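There are structures below to look over.
Below are two complexes that have chain A in common, paired first with chain B and then with chain C.
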Partner chain A sequence: MAMSKDFYRALEDIVGARNVSCDPAVTENYRCITAQSSAHYGPYATRTPKPLAVVLPGSTEEVQQIIKLCNKYKVEFKAASTFWAAMGYIGSDNAIQLDMIRMDQVEIDEKNMIATCEPFAIGGTVSVEAMKRGLNCNIAGVGCSSSTLAGSSGWVGFGPSSIFMGIASENLLGAEWVLPDGEIIRTGTLGSDGEWFCGEGPGPSPRAIFRGWTGTAGTLGVCTKISIRLHPWPGPKWIPVRGTAPAYFADGLDCVRAYTVCYPDWDAYAESFRLFYEADICYLAHRQFNMFGRDIKTAMVEIFTHPEKQFCDLPALMEDPYIKEQNEQMKVDVQIVMAGFSDRDLDYKEKAFDEILRQVGAHKSEYYLQQDIEDFVKLYLLRLGRKNYNYTLCSSYEGNFGLSGNVFVAAPLMEEAAALKRKWEQTHTGVAAVGGDSDMGSVSGIGGGGTTGWEFFVHFDGFDLASIEDSNAHIEETAAWMKEKGLGTDFGRWNADARKPDGYNYSQAEHDSFYEKLPQPAMAEYQWKIREAFNPNHLTGSYYKTLTPKEFRKGKK
Partner chain B sequence: MAKKSLFDMTPVTGYEKKLEDFFPMERRCSNCLGCKFVPFEKIKSNRFGRNCPSVWYYNFNLYSARGRFQLGQNIIEDGYVGWEGQALDAIFNCQACGACDVACKVTRFNLEPLAHNIALKERAVEKGKAPVELKAMAAQLEKQKSMLPDAKKADRAKWAAGLKLKDLSSAKETAEYAFFPGCQYAYDPDLAKKAKTYVKVLLKGGVDLGYLGKGDMCCGGRAKQTGFRKEFEAEAKANAEIWKKAGIKKIVTPCSDCYHAIKRQYALLGIDVEVVHAVELIADLVKQGKLKFKKRVDLSVTYHDPCHLGRLGEPFIPWNGTEKKILNQVHTWQPARPRYAGTDGIYDAPREILEAIPGVRLIEMERVRENSWCCGAGGGCSVFNPEYSDAIASERVTEAQTTGAEAIVTACPWCEINLSGVESENGTFMDVVDIVELVAKAL
Partner chain C sequence: MATKDSLVTMLGRANVIDDPKALEAYAENHSFDLHFKPWYIVKPKSAEKVEELVKWANKTGTPLVPVSSTGVKLRGDSVPSVPEAVVVDLSGMNKILNVNRQHRMVVVEPGVTYDQLNAELAKQNMVIAGSLRPKAGQSVLTDVVEAVPRLNPMIQWNFFDPLRCVEVTWGDGTRMFTGEALGGPRDLKAQWAKQQWQVQYMGPWMTDYYRLVTQAQGSMGIVTWASLKAAVKPLIHQLYIAEADDLESLEGFVYKAMWTRFPDEIFILNKFQLASLLAEDYDVDELKDVLPPWIVAVGAAGRELIPEVRFEARSKDLIDIAQSFGLDLKEGIANVPGRLLYEKVTSTDKNEIYWKDDYEGSHQSVFFLTQLEKTGLFLRAAREVAEDLGYPTENIGVYIQPKHLGSSYHMEFTFPYDPDSAAATARVQNLVDALSVAVADLGGYFSRPYGKWAGIQLNKDAQSLMALKRLQGIFDPNDVMNPGKLAV
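This part shows the complex of A and B:
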């Protein structure tokens, strides 16, 4: 689709010529190849559409002017910061892409325990700045290379730290938000000079509109600043690191302990989650290394902690009797990190932890008690800087058998799900054969209620079309099985109604055909009204679930 | 299910040689953002958390290693983009500093971003698309055996006037080491004095040293970094021939670019010669007590790790393996492929020297060793895009100033030139000192 010269010149006037481009080399670079990203609807070898232009705004005012311009010219827009997920990319041929990379500032309000972040402030830098003040932030499981703002404003945001620090919706306080029509809304109090702070004022909650539970994936305008709640950090201002890449270890972090718990069965696993939550002893809790697969997880940790080892060493490591025994013991496992705010505090937590293990019949993995391995786990989970380990095995992955739900619902089905995946690994070559169970997930949010977030990692090769297609078929099969079990939509298909396999937006008519079948279609009708009020020109894609109310569908209005 | 591949690929044997060999990597990059930041375990602040000068300056994703992987797909595999416009801009404005490469390798075992970036440059050069300034540089190399614009072959040995160095060119005299100054030390009048100082220091330490006189030539490393592969290879082969005739087995150079070129790039061509950087020898001489520091040098300094001495200065490891999938889809190299994660570069020798000098106080910057920020002179960018190159240098000077040190010390003439006289973001300057100057003062 051609772009008007006037529109492009106006963009240049707003951000300066060097911060906008319609050169194909640039615009082609902002097409998401969904097999190379965890898109939660594929994977596909297709690409999202090419934007008319890519714009790099440097301030909220510039964002506002860009959006007003888009409304004037009826051009769609989508903002993203780190561009990992397909949901950050445009979905039509009549759209521009906003890359928020120039807005990367973080401000820490130590007294009020608040961080104010711009879009390109990633979890890694926000947490580093917070730690200097004895504070820390929730980093979503997606990893510290992702935007804190995007995770907090646009998506669910579970992570290892959620049991202590909450998930994204539990941490978002104020927001500066440019609506799809160009109006700016500021909620709460931003910045370090405010003596009083609250997430929102009396009356209807704009935050519920802004993000709700799962977030609106950037479809209700552009968030240019957020403030999030920070949490105490008892450790040093910077985590000392020893070792050589990739074998980095936290050095001398004595106020933190990391363990891997081995369970006799899934019932014990679920019960311990309840007890961990009630005892309030965990700083981080995550089933992490199982994401590589039940049969290879210990071998993978061996590779990551020994710089001279590589994946070609996997077969020999997998045959090692000691490693086999560790895998067997850790069939059902979880990583737990406790932080002591005093020696007594840490002693208490250790004792409570031991008691929980005793009650459920679990034990600590001896493998993970080795100093280097414990230090590797501490650094891995505290920093969460190895997002690319999701991909490292085969180059791509997608999560399936994934939900945010109650651990007592999920746990009894884990072995069945694992068997389903193992069968697929044995009968098809497209998915890495790692032992069926490749579940990864967090233990709880601070809101409690047994909520966990988990997903099975499906590892595949993004260079191999057969592998991509095979993985997609497996995820489809799992999604059908989950529906049969009454578990709802699989995490791997959460965005299946948001973007077509060819990468384009769905039309409203298509959305209507999906959402009129929802158990509670009124929710999508309500969101339609919100969308009409906030986004009258429908300029931000199809990730927001909207159902045209019956009276409008039938042409009554 | 029958296996289909996205491409009808012939498996690559050994290190990738041409752009097409990188197709699988282009498709296997997962857009994790690692190539834009210092490895996340090593980040110390938001202010100095970035690692890639190119995407830091230009901001568009195209200018990152990931962007260039995707560009490779678009330009070669799919033909969506031509060899023109911002594609060329992004290709040539890579500093080839390797920061993306070491960050990537913290988590990935099957991607080579730096080699891919250079392969893109090489293809652009083959198509005649290099910036005119770089073409002129390559022509100068062919004519005068140096990539410096005003250099003349006849003046090559002038820097050594007055030095009593063995002339190894005729093979009549022999020495354990041949001193290879590199173009900057040979032709720049200020740096030439420092080259002499290097020689004097090494001789004082008892090193058996000679040089090739007018027989010296450019190492060609800059040609490799800028994509002029044929010119580089011609230069490397010519040097190898001269060294062979002169019976030279060991080379010592004060230039980090030359060090990298000979150690890694020559080795890739099968040229077998031992090379050490002068700081390695000096550090050894200090340890052995052959050089003793007698005078105080009261100065607080911060050390800038040159890319080509540090993360790109790791030893070359021959490898001739292939890709093999195990466990259905797990990608491996058989046998294990060298990873070049940057950690085995030359980091300790210069620091040991500084710590041994009485009165010198070393204060480290945030981005050090394999995560050092480039000086801005890499990839030939200072030749054709000085504004960009200066901005990168300014960022480094700003970082150096935050340490409170009085001077930046380095061990590479390119870094020294590029960091000198550049304003920090506060509009102030810092002294930039060649490490040999401090050594000479203290002896």
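This part shows the complex of A and C:
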């Protein structure tokens, strides 16, 4: 689709010529390879559409001007900061991409434990700045190289630390938002007095429409600044690190303890979660390294913790008697990190932890008690800076199953889910054979505990069509299994209704056909009304889920 | 009489009240705001009837004002602001629909009170996080939906904890669940059969529907059940108290204690507020003469898992932290054992006269959100305004409560007065009006904008007001839900 010269010139006027481009060498780079982004709707061997232009705004005012311009010319727009997944990319040929990289400031209010973040302030930066002041932030499972603001305003935002620090929605305080019609709203105390400490109200919270279980995936305008709740960090102002890449180890974090728990069965696993929630002892709690797969996870950790080892050593390591025996004990496992805010506190947490393990018949993994391995785990989970590991095995992965929610419902089904994946690993070369169970995720998907957030990593070759198709077919089968079991939407299909396999937006008619059968369709009908009120020109794509209300569908109005 | 006939047909004769005395009683309240006697009082007994009622109100253009609590009405939010309104009394919908120990979840109807709920929860060693000594007839659901601060902010990862999911009939007559419960069938029993306990309050998609009924004074819809997160009841507990000559002396300790997350309950009271809480056992005037100007109360607890170890660690650490700020954290002060104060703040007030009214017969409050470091500013403002108007500053009660893990602080001034004295009433009315403006000017945030605070607060931010209006247009297009509230 051709772009109006006037439109482009107006963009230049807003951000300056060096901050806008329609050069195909640039715009082509803003197409998402959906097989490689954990897009949760494929994977497909497609790319998202090429934007008409890429714009790099430097301020809220520039964002506002851009959106006003888009409304005038009826051009769609989508903003993204760290571009983790397909939802950050446009879904139409008549759209521009906003890259928020120039807006990257972080400010910390130490006393009140608040950080204000611009879009390109990544989790790693926010946590480093916070730790200097005895504070820390929830880094979502997406990892520390991703935007804190995007996790808070755009998507889910829970991770290993959520049991202690809550999830992005819970930590989101104030927000500055440029609405799809170009008006700016500042929530709570920010709009009232320029203060960042509360985003609720006054009265019923308008914030309700910007951030639910997920954020709005960039469909309700552009969030330009947020404040988040920070949490206490009892460790040093920075984490001393030793080792050689990639084998980095946290040094001297005496107030932090990391363990891997080995369970006799899934019932014990679930019961321990309940006790972890009630005892309030975890700083971080995640089933992490099982993401590589039940059969290979310990061998993989051996490779990551020994710089001289390579992936070609994997088969030999898997046959190593000690690794094999330790790995066997960790069939059902979880990583737990505790932080002590005093010696007494740490002592209590250790004792409570031991008591929980005693009650459920679990034990600490001997392998993970090795000092280097414990220090590796501490650094890995505290920083969550190794998202590249997700891709190391086969170049790409997609999360499926998504056995989130009630751990007492999900845990008893884990072996059945693992067997289903194992079947595909054994019968299709496109799905990496790692032992079936490659479940990973948060012990808590909500602050203080209560729900889980898991996914099975499906490792596949994102550059091989057969592997992509095998993985997609596998996820299709698991989605059907999830439906049959009444477990809700498969994680690998969460965005199946947001973007078509060819990378383009769905139409309203298509959305209507999806959502009219919802058990409570009002949830989608109200979102239709919210969109009409705040995004009258429909300029932000189809990640926003809407159902035309009955009275309009039947042609009554 | 068409209206009455419609209501009687819908709800049954016994559930439609137009007795003048009863109508008068429903209009009585503490606020100075414009209010009207209701036209009728109706008592629906099910969510289906509530839905039917709201649809009827849309057809007939009848204002509806929901009320769930009984007893004294403190803020006027459940009293009609417009003529010919129907009060929807939900206090009779008082069933505890479900208790789940495994997930510590409970589902309650609007009329369930704290005593009723905690008696039920105690059977499974649980308790609901409470607010500061509510009246006995206080609806737990209303208290939580209206974001009345909890004594324990450490279990509030979310601003509205312990509130989770709700069933709401919006102003347009659409009834639906919210949060996790919205993703399944509109049938709680069917959800429970699948072990779905209404834990997850968000979404379930991109919209947090439940947030639209919070702090709304019933202006968006009528909530007919709410799921709440309960806590494990302490097996060992001590409320420690430290005293101080001034508010500023407590600031460092409270910040540090919040940082560690060691406390269970944590709150600040001035001596008048403390004495008022203890009025059942002491003479307020005598007690306030011996009490320190300020106290901070901090709870330490041990629960089911190694309770002694936790309790001892928390107690000793809190005492050490207090000491590092020059405070002596003790099990009690000047005739006030911590256990007595704990009993008072965590129990409901069953007396005929509410404890805040006990001193002079009535009271007015000004409350808002701020940050701890700014509370001193507001305290000075309150004293200055009181002095200017000749109100005795020694009778100002002050309560400061951290919320949401300490992200914000509820600050509340209480002004007792004699309602039988026209001069005292006029003075306190002027005081509340002047202080409300002063608070707003200093950056105090009326997150729950009752009465005149709506105009003061909403006029500060045109865009938020416009957003709110747009949302009201969606969920209550005919403005039948408690019209006149949240009005500018």
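We adopt the following convention: the second predicted complex is superposed on the first by the 542 of 557 C-alpha atoms of A that agree within 3 Å, B and C clash if a C-alpha of one lies under 4 Å from a C-alpha of the other, contacts with A are read in each partner's own complex, and residues count from 1 in each chain.
In the analysis below, a contact is a pair of C-beta atoms (placed from the backbone, for glycine too) under 8 Å apart; a residue touches a chain by one contact, two chains touch by 3 or more.
Note that the structure is a prediction, hence the values are computed from the model and not measured.
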Regarding the shared-chain residue A:223, is it in contact with chain B (first), chain C (second), both, or neither? neither
If we overlay the two complexes on their shared chain A, which of chain B and chain C does A:430 touch? Say first, second, both or neither. first
Would you sort A:408 into first (chain B), second (chain C), both or neither based on which partner it touches? second
Could you look at A:130 and tell me whether it touches chain B, chain C, both or neither (first, second, both, neither)? neither
A:52 contacts which: chain B (first), chain C (second), both, neither? neither
Identify the partner contact of A:394: answer first if only chain B is touched, second if only chain C is, both if each is, neither if none is. first
According to the stated criteria, A:80 is in contact with first (chain B), second (chain C), both, or neither; which is it? neither
After superposition on chain A, the chain A residues reached by both chain B and chain C are none
Touching residues of chain A toward chain B in the complex: what are they? 18-19, 21, 23-26, 28-30, 33, 36-37, 45, 54, 56, 82-84, 99, 101-102, 104-106, 121-122, 124-126, 128-129, 143-146, 238-239, 241, 244-246, 248, 296, 307, 310-315, 379, 383-396, 425, 428-434, 459-467, 469-470
Within their complex, chain A touches chain C through residues 111-114, 134, 166, 169-170, 173, 183-189, 191-193, 195, 197-209, 211-217, 219-220, 229, 231-232, 274-275, 278-279, 341-342, 344-345, 347-348, 351-352, 355-356, 405-406, 408-409, 445-448, 450-451, 486, 488, 519-520, 522-524, 526-527, 529-530, 533-534, 544-545
Residue positions on chain B within touch of chain A in the complex are 1-7, 23-24, 27-34, 37, 39-46, 49, 55, 58-62, 67, 70-71, 73-75, 80-82, 85-87, 89-90, 102, 104-110, 324-337, 339, 341-344, 370
Mind listing the chain C positions that touch chain A in their complex? 102-104, 147, 155, 157-160, 174, 176-177, 179-180, 182-186, 194-197, 199-200, 202-217, 219-220, 229, 232, 255, 259-262, 303-306, 309-310, 312-313, 316-317, 320, 369, 371-373, 404-408, 443, 445-449, 454, 457-458, 460-461, 463-464, 466-468, 470-471, 473-475, 486
